[in-house]
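In what follows, structures are represented as C-alpha cells.
Two complexes come next, and they have one chain in common, subunit A, joined by subunit B in the first and subunit C in the second.
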Partner chain A sequence: MTAYLVAILTSAGFYVVLALALNLQWGLTGMLNFGLAGFYALGAYASAITTETAGLPFVAGFAMAVAVGAVAGLAVAGLSARLVGDFLAIATLGFAEIVRFLALNEDWLTRGPRGFPIATRPIPEGLSREATAWAYLGLVAALVIVAYLIVERIRTAPMGRVLRAIREDELVPAALGKDVFRFKLQAFALGAALAAAAGSLYAHWVQSISPDHFTTALAIGVWMSLIVGGAGNNRGVLVGATLVMVILEGSRFLTGVVPGLDAESLSALRIALIGVLIVVTVRFRPEGLLPEPRIRLETPAKGA
Partner chain B sequence: MPSLKTPRLTRRHALVLGAGALASPWVARPGFAQTDAIRIGSLTPNTGGGSPFGPEIAEAHRLVVDLVNSQGGVNGREIILSQENSETNPEVAVRAARKLIDADRVMAILGTWSSSVTLGVMPLCQEANVIQMCTSSSESIPAGDKKGLLFDFQALNPAWGKAIARLALARGFDQIAVMGINNDFTTSMIGTFQQSLEAGGGKVVNEPFLYNPNQPSYRAEVERLIAGNPPAVFIPSYVTDFTAVYREIYRSGYAGQVITISLSTGPKFKEAVGDAANGILHGFPVPPVGKDAFDAYLRFVGLEPSGQVQRPFGSAGYDQINTLLLGIAKAGSLDPFEVVKGVFAIANDPGERVTTYAEGVAKLAAGAEINYDGASSSVEFLPNGMLASRDFELYEIRDGKDVSLERITSES
Partner chain C sequence: MQTILNAISSAAIIAPAAVGFTLLFALFRFANFAVGALMTLGAFACWTLNVPLGLPLWLAAPGGMAGAAAGLWLADRLAYAPLRAAGGATLLLVSIAVALVVENALRLGYGGQIKGFDLPLSRPWLLGPVRIAPEQLGVILVSAGAVAGVMLWLGLSRWGRAVRAAADDPGLAAVRGVPVGRVHAAGIAGAGALVGLGGVLAGVDLAIEPGLGWALIIPVLAAAILGGIGSPMGAVLGALLVGLAEEVTALVMSPSYKAAVGFVVIVLALLLRPHGLMGRELVRK
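Moving on to the complex of A and B:
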C-alpha cells in the first residue's frame, strides 16, 4: 500500500507542476493555455529522444526538455500573444494537436503510435522496487519545490504585479511604460518550460510513452485543479491538484464498499464527481478553495 | 464580501478536507485479511476505444473466479479479483496498474486490450514481476517482455495481414489499394499484407498510406485511395473511423470491392450505413465457432451458440483466467516464474485435452499432464509467450448479416 501511495503522490506531483505552470500563465497573467498537454508531451519526447536516440544521460535529456519547452513557449506566445482570450486558447489547442500529430506521424523521430520505450533512469540502477519509487518521489518533489519557489517568487515580486495588471487590463501597465508583450512572452515561456520539465520526469518515470499519453483530457484535469484550488494562489494550486488526484485515485477503493459499483460505472462516476466539484466550486466558491490573496493598499489615515 | 449564504471555507477547512480525502483510501479499503489468497488483477477497456469489448472480457474473468471460488478455490486458496477500467488510455492504465500492483498486490494483470495500454503498463509489470495476459497485436510486445512474463491471446499484426491477403487472393482480388488508420495495429499489418499479396502474385496499387483518426471528413483520403479505380481496396480501421470513411466511399460511387477487418463492421456500423453495407468483405481472428469449448463458454456467460461469432474478446478473457488458474494449480506456488512454467505446461502439448478449470484440476490431481484447449483458440504458446496460431475467417455482408465465406488457420 505504501508503494501505491508513493506512486500516486508522484503522479500528483506531475499534476502540481503542470498546474503551477498554468497558474503562472493563466492565474497570474490571464493567458488562456489549453495546449498544456502539448508542452508536456514536447518535454517528454525531447527528453526521450536525447537519452534514448542520442544516448546522452538523463541530465542532458532534462535540460533539452526545458530548453525545447521554453523555445516552443516563446514561439507560441510570440506568434499568438497579441491574440487575447478565446483566440489564444484556440491557438494553443491547435499547438497541442500539432505536437500530438507530429508524435504520431514522425515515426523516425518519435517511433509513432507503437510507443517509445525509455530505459534511461535518473536514479541509480539496482535499487529495490520500493527504493526506486521513493527516489522518484524525491525527484518529483524537488521539481515541485523548485517550480513552487519560482512561481511564488514571481507572484510576490514586482513582476507579479505587472502580470496581474496585464491580466486585469493590458492597457494600464502599457500606459505605465511596461513592455506588456515582453512580460507575456516571459510568463508563457517559463510556464511552458516548467510543463516540459514535468514531461521529462514523467517520461522517465513511466518508461514508455506514446501519443495517447498526452491527450486533452489530461490538460482538463490540470485546469480543474486550478479552478477548484484557486487561480492565482500557488498554495491553492497545490490543494486543487491533490484533491483532483485524490478523487481520481481514491474513488477506485469504492468498489466492494458501495454495493453494485463495478469498475465500469465507477470510472463514469469519477468523471461525474469532478464535474460536480467544478459546478459546486464555480457556483459557491468561484474564487476557488484558497482564493488569491487580496493586495492591501496602504491608505493614509483619516485626517492625516 | 461574502454574503450570508456563501459557505465560508477557510484554509483550515480546506486542510481538513484534504487530509480526510487523502485518508479515504485507507478507510474505504475492503477488509480482506487472508495472506494466502491468490490476488489477480483485471484491467479492461470498459470505456473509450475498446468499450465494445472490455465489459465482455471483465465479465469472463469475474464469472470464472466466482465459479472457482465456489468450488473451493485454487489449491484451497481463495481468489481475490480486483477489476479496473483502463479507459483504453495508457496514462489512466498506468495509474490503475499501480493500484493493482501496489495496493491490491496482484500477481498477474489480465485483460489489457489495446497495444498502447499493454505496452504502457509493461515496464511496471516487469519491474514488479507481475504476469501479463493480453489480447494486443503490436509487434513490439515480445521485445518488451524481457523477463518472459507475458502471454498474448491474440495473433500479432503480421498474422492478420497474411491471412487477409491469402483470403483476398483466393477470391480473385490481386490488385488492391490500401489505406489504414494510423496506429501501431495497422502499420505492421499493412506491411505484411503487402508482402503476402506480392508473394501470392498480387500487387498493391497506389502507395499504401495512413490516415489520422477523428477527422471531420475523409474525402481527400478516399479520393487518393480510389485514384485509378483499383478493383479492390483494403482498409484496416476501427469502427468509428470506418463508418465515416465508408460513407465517403459510397458517395464517391466506387464500384470495386471493399475489404476491411471485422473490428470495423460490427452492429453499430451496420446500423449506421444500412443496406449500403452489403457486399463488404471482412476478415478477423475468430473464436472457433461450433467448437465445444466455445459453445460451452457462450452458455457459461448466458448466451446461446448461434453459429455466428459472438464475444470475440470475451472468449479470450475466459481462456486467460482459466490458463492462469490452471498454471497456478500446476505450479503449486505463487512464484511468478514458476506459474509461467505452469502455464506453458498446461497450455501446450503434450497432455490430455481439457476445456475448463474444474476438468483440468481434476486431471492434474490424478497426476496427468494436461493441454488446455480454449474457447478463443487452441491456446498453444510459442516460447516467447505469443499465440502459435489462430483461426481467421472471411465474411461477406449480405442483407445486413455476416455470411462466412472461408476459414483458415494462420501461423504467427
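Moving on to the complex of A and C:
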C-alpha cells in the first residue's frame, strides 16, 4: 500500500508541475495552450535521446530537455503569439499532434510506437526498490517546489502584474509602454521549459516512453486541474491537480464494486466524467474552488 | 487523375461538416470542437438504424442527421447557451469537454469495436485510367447536393437571409424584427444536420468507431480556417484544397503523415492569411 501511495504521489507531482506551467501561460497571461502534452513529450524525448543515444549523464539530459522546451516554446509563441485566443489554441494543439506524429514515425530517433527504454537514472544505483521509489518521489517533490516558487514569485512580482494586465486587455499594458509581445514570449517559453523539465524526470521515472504517454487526454486532465482548482491561483492549482488525481486513481477501484464495468468502459466513463466536471465548473463556478486573490488597492492611511 | 479523384472524395466527406462548423462559428463566434464528436454521433445513429434495425442506408442517413442535430441542440441547451456571454476561449474549452462526453458516452453505449454500414460489396468501375467505387461516387454526389442545397437556402430564402443577418450582427438583426432566437435554432438544426451527414459519409468511407471524430475534426477545421472562417463557400473551397494537400502529401511522404497535413494547413493559413481565402478581415481593436 505504501508503495502504491508513493507511486501515485510521484505521478501526481508531474501533473502539478504541468498544471503550474499552464497556470503561468493561461491562468496568468491568458494564452490558451492545448499543446502542453507536446512540450512534455519533447522534454521526455530530448532527455531520453541525450542520455541513451548520446550516452551522457542524467543532468545533461535534464538540461537538454529544459533548453529544447524553452526553444520550442519560443518558436511556437513567436510564430503564433500574435494570434488571438481560439487560434492560438488550435496552433498549439497542432504543435502537440505534430510532436506525437514525429515520435510515432521517426523510429530511428524515437524508436517509434514500441517505446524508448531508458536505463539512465538520476539516483545512485544499488538502492533497494523502496528507497528508489522514495528517492524519485523526493526528486519530483523538489521539482514541484522549484516550479511553485518560480511561478508564485512571478505572480507576485511586477512581471505578474503585467501578465495579468495582458490577460485582461492587451491594449492597456501596451499603452503603458510595456512590450506585450516580449512578455508573452517569456511567459510561454518559461511554461514550456517547466513542462519539458517535468517530461525529462517523467521519462527517467517510467523508464520507457512511447507516444501514447503524451495524448490530448493528458492535457485535458491538466486543464481540468486548473479550471476546477482556480486559474491564476497557484494553491488552487495544487488542490485541482490533487482532485484530478483522486478521481483518476480512485475510480480504478470501481471495477470490482460495480458489476458489468470492465476496464475499457471504466476509462470511457472516467473521461466523460472529466468532461462533465469541466462543463459544470465553467457554468456554475467559473472562478474555481480557490479563486484568484483579488488585488487590494492601497488605501490611504486614516487621518492623513 | 486518380489523385484528383481521391482528393475530391476526401473533400466530399469533410465539406458538409466544414460548412456546418463555419455556420456555427458565424452564428455563435466560437470554434466548436464538438463537431468531430457529433459527426461520430451521426454515424452511430445512422448505423443503429441501418444495421440492427435493417433500414436501407438512404432511409437511415436522415436519421443520422437528425441524431447529430439533436445532440448539438442538447449540447447548446446544457453547455453553450448559458455561456453565450463568455469569451470564445471559454466556449472552445467547453466544446472540447462536450466532445469528450459525447465520444465516451458512445464508447460506453456501443463498445470500442469497429462497425460498418450494411453496404453491398461492389467492384470499382474503371473509367480509362481512373478507378472509382460506386460508394465513392455516391458520397461525392450526396455531399455536393447537400452543400449546394444549403448554399441556395442561405442565399435565396427568407430564413437564409435571416441567418446571415443574425450572424453579421445579432443586435441589429433583432432591431429589424428578425427573431434571433428562432434563427439560432434553425442554424443549429441546419448545421447539426450537415455535421451528421458528414458523419454518415465518413462512415461509408471509413470504419465507424467512437474515436472517429478526432481524426475528422482537424481536416474539417483546416478547411473552415483555410476558406475563411464564417464563409460557407470558403469552407467548400477549403475542403477541396485540404483534400488535395492530403493526397499529394501521401504521394511524396509516408502516408502516416497524412493526418498531420491538416495541422500544417491550419498553421500556414493562420500565419499567412488569418482571414482565409474567402473570409472578411475581422475588425479588431
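Definition applied: the second predicted complex is superposed on the first by the 284 of 304 C-alpha atoms of A that agree within 3 Å, B and C clash if a C-alpha of one lies under 4 Å from a C-alpha of the other, contacts with A are read in each partner's own complex, and residues count from 1 in each chain.
Heads up, the rule we're going with is that a contact is a pair of C-beta atoms (placed from the backbone, for glycine too) under 8 Å apart; a residue touches a chain by one contact, two chains touch by 3 or more.
This one's a predicted model, so the numbers in the text were calculated from it and none came from an experiment.
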Based on the shared subunit A superposition, would you classify subunit B and subunit C as clashing or fitting together?
clash
So, does A:Val180 touch the first partner subunit B, the second partner subunit C, both, or neither?
neither
Which holds for A:Ala268: it touches subunit B only (first), subunit C only (second), both, or neither?
both
After the superposition on A, what does A:Leu104 contact: first (subunit B), second (subunit C), both or neither?
both
In the superposition, subunit B vs subunit C on subunit A residues touched:
B
So, A:Ala231: does it touch subunit B (first), subunit C (second), both, or neither?
neither
Pick one for A:Leu290: touches subunit B only (first), subunit C only (second), both, or neither.
first
Output check: A:Leu171 vs subunit B and subunit C. Expected answer is one of first, second, both, neither. What do you get?
second
With both complexes superposed on chain A, which partner does A:Trp223 reach: first (subunit B), second (subunit C), both or neither?
second
Considering only touches as defined above, state whether A:Ala193 meets subunit B (first), subunit C (second), both or neither.
neither
Do subunit B and subunit C land on any of the same subunit A residues, and which?
101, 104-105, 264, 268
Please name which positions on subunit A make contact with subunit B in the complex.
1-8, 11, 101, 104-105, 112-115, 117, 129, 132, 206-208, 210, 212-215, 217-218, 239, 242-243, 246-250, 252-257, 262-264, 266-268, 284-285, 289-290
Subunit C-facing residues of subunit A, complex
30, 32, 34, 79-80, 83-87, 89-91, 93-94, 97-98, 101, 104-105, 171, 216, 220, 223, 227, 264-265, 268-269, 271-272, 274-276, 278-279, 282-283, 286
Using the touch definition from the top, list the residues of subunit C that touch subunit A in their complex.
30-31, 78-79, 82-83, 86-90, 92-94, 96-101, 103-105, 107-108, 111-112, 210, 214, 218, 221, 225, 254, 256-257, 259-260, 263-264, 266-267, 270-271, 274, 284-285
Over in the complex, which subunit B residues touch subunit A? Could you list them?
6-7, 9, 11, 14, 17-18, 21-22, 24-26, 28-30, 44, 46-47, 54-55, 58, 83-85, 87, 89-91, 94-96, 98-99, 101-103, 115-116, 119-120, 122-123, 127-128, 138-140, 144, 182-184, 187, 210, 212
